[in-house]
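Scrolling down, you'll hit the structures one after another.
Both of the next two complexes hold subunit A, though its partner changes from subunit B to subunit C.
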Partner chain A sequence: MKFAIALFSAPHAPSSRRALRFAEAVLAGGHEIVRVFFYQDGVYSAASTPVTPQDEWDTAAAWSALVRDHQLDGVVCIAAALRRGVLNDEEAQRYERDAASLAKPWELSGLGQLHEATQLADRLVCFGGP
Partner chain B sequence: MAKSLLIICRQAPWSGPGAREALDIALAGGAFDLPIAMLFLDDGVFQLQPGQHAAPVQQKDLTANLQALPLFGVDALYSSVRSLEERGLLHQALSPATETLNDAALTALLGQYDQVITL
Partner chain C sequence: MATLHMLSHSPFSDSRLVSCLRLLGPGDGLLLTGDATYALQPGSAQLQALGLMPDTIALFALEEDLQARAIAAPPRVQVVDYPAFVELCATFAKVNSWL
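Coming up: the complex of A and B.
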């Protein structure tokens, strides 16, 4: 089965960890993830700047590793990311900010990517939200 | 055939960027001619109250985004009778106009859409 996974909550929210575990379970079960899409406070899980104490769980690092190791399509909403200070090199230059803060291998793109993913997937599974 | 999407918006207009970001999903989907509907639930129904003054709380008015929904082809708009009643809005003139649904109708509505996003 093809899944699209959307994350709306910040890295410290339990729903964020559940989303990661769900993504791992989808892959372990032999299913496909057509796209992981971060929106709202979910974009913080694609930031490279937070420093997590060594003996604590680093959600952003775990997401980056998952996307990289499985060559997933990891997309962060550009409007939500700009609003929250998660910028790639191009946007940091465009808005004259001192540093880029988008972790690898995430890409910034528009909400059309969320809609495309929901069309391609058999199931859209969302995590976070009110 | 394109999959249909119901966006359930539960955020008050001035509680953060949530309400605006839910509307943005609807408008983006409408721009792609996808079958999109919106349900205003819980504090989300506050978005429908006209005559709000955004400036004193340093916010940008959401009215233009809400009014743009039909222009983007998002004209299936619903609200919860229970949510409206609990907030004293049931008998007020609201904008944009929505179809008001009781709890049983809400349950039926959820079953009519392929995908659901709650924000």
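Coming up: the complex of A and C.
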């Protein structure tokens, strides 16, 4: 079965951990993830700049590893990302910011990618809130 | 069309659970995750409300969230781990998250 997974909450929210555990279980169960889409505060989980204390769990790193290791289509809403300072090289240049801060495996794109993912997938599962 | 409703907010701090219970139809399911598992607190009005739901509505709770809160699920509620959570999503035609 094909899943699309959308994350709306910041890395510190338990729901972002649930989304990650769910995504891992989807793949372990032999299903396919057509796209992971980060929206609203979920875009913080695709930022490369935050530094997590060593004794704490690094949600963003875990997401990056999952996307990289399984070559998933990881998409971050560009409008949500720009207003939160999560920029790729192209956007950093366009808006004359000092540095890019989008982690490697992620792509910035529009909300249309979420819509398309729901059309491609059998199920859309959204995670947000606490 | 059977829908799995997924809640994560505490039923003691907002009205999502109450609104959701009103919407559930025959064949639908309710999955309690995160703070929503507090709805299973013994002696609470929320647990009583869940107990009054017809048998055609399946109730589920995420295992790790129950464990984290030391809440025991009543017999009516099926406890699921992540693999079972995934299969639940496949069983129901739609998944509706109460964000």
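The criterion applied here is as follows: the second predicted complex is superposed on the first by the 128 of 130 C-alpha atoms of A that agree within 3 Å, B and C clash if a C-alpha of one lies under 4 Å from a C-alpha of the other, contacts with A are read in each partner's own complex, and residues count from 1 in each chain.
In the analysis below, a residue touches a chain if its C-beta (ideal position, glycine included) is under 8 Å from a C-beta of that chain, and two chains touch if they have at least 3 such contacts.
Small disclaimer: the values here were computed from a predicted structure and weren't measured.
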item: Which superposed partner A:Ser48 touches (first subunit B, second subunit C, both, neither); value: neither
item: First (subunit B), second (subunit C), both or neither touched by A:Phe3; value: second
item: Partner chain(s) touched by A:Tyr39 [first = subunit B, second = subunit C, both, neither]; value: first
item: Subunit B versus subunit C as contact partner of A:Glu24, first or second or both or neither; value: second
item: Broader residue contact with subunit A after superposition on the shared chain, subunit B or subunit C; value: C
item: Which of subunit B and subunit C A:Gly129 touches, first, second, both or neither; value: both
item: First (subunit B), second (subunit C), both or neither touched by A:Pro14; value: second
item: Partner chain(s) touched by A:Leu114 [first = subunit B, second = subunit C, both, neither]; value: first
item: Residues of subunit A at both interfaces, subunit B in one complex, subunit C in the other; value: 8, 124, 126, 129-130
item: Touching residues (chain side subunit B, partner subunit A) in the complex; value: 2-3, 5, 10-11, 17-18, 21, 24-25, 28-29, 31-32, 34, 42, 115-119
item: Residues of subunit A defined as touching subunit B within the complex; value: 6, 8, 39-40, 79-80, 83, 110-112, 114-115, 118-119, 124, 126, 129-130
item: Of subunit C, residues touching subunit A in the complex; value: 6, 8-10, 33-35, 62, 64, 82-83, 85-87, 89-90, 94-95, 97-99
item: Contact footprint of subunit C on subunit A as seen in their complex; value: 1, 3, 8, 14-15, 18, 21-22, 24-26, 28-29, 31, 122-130
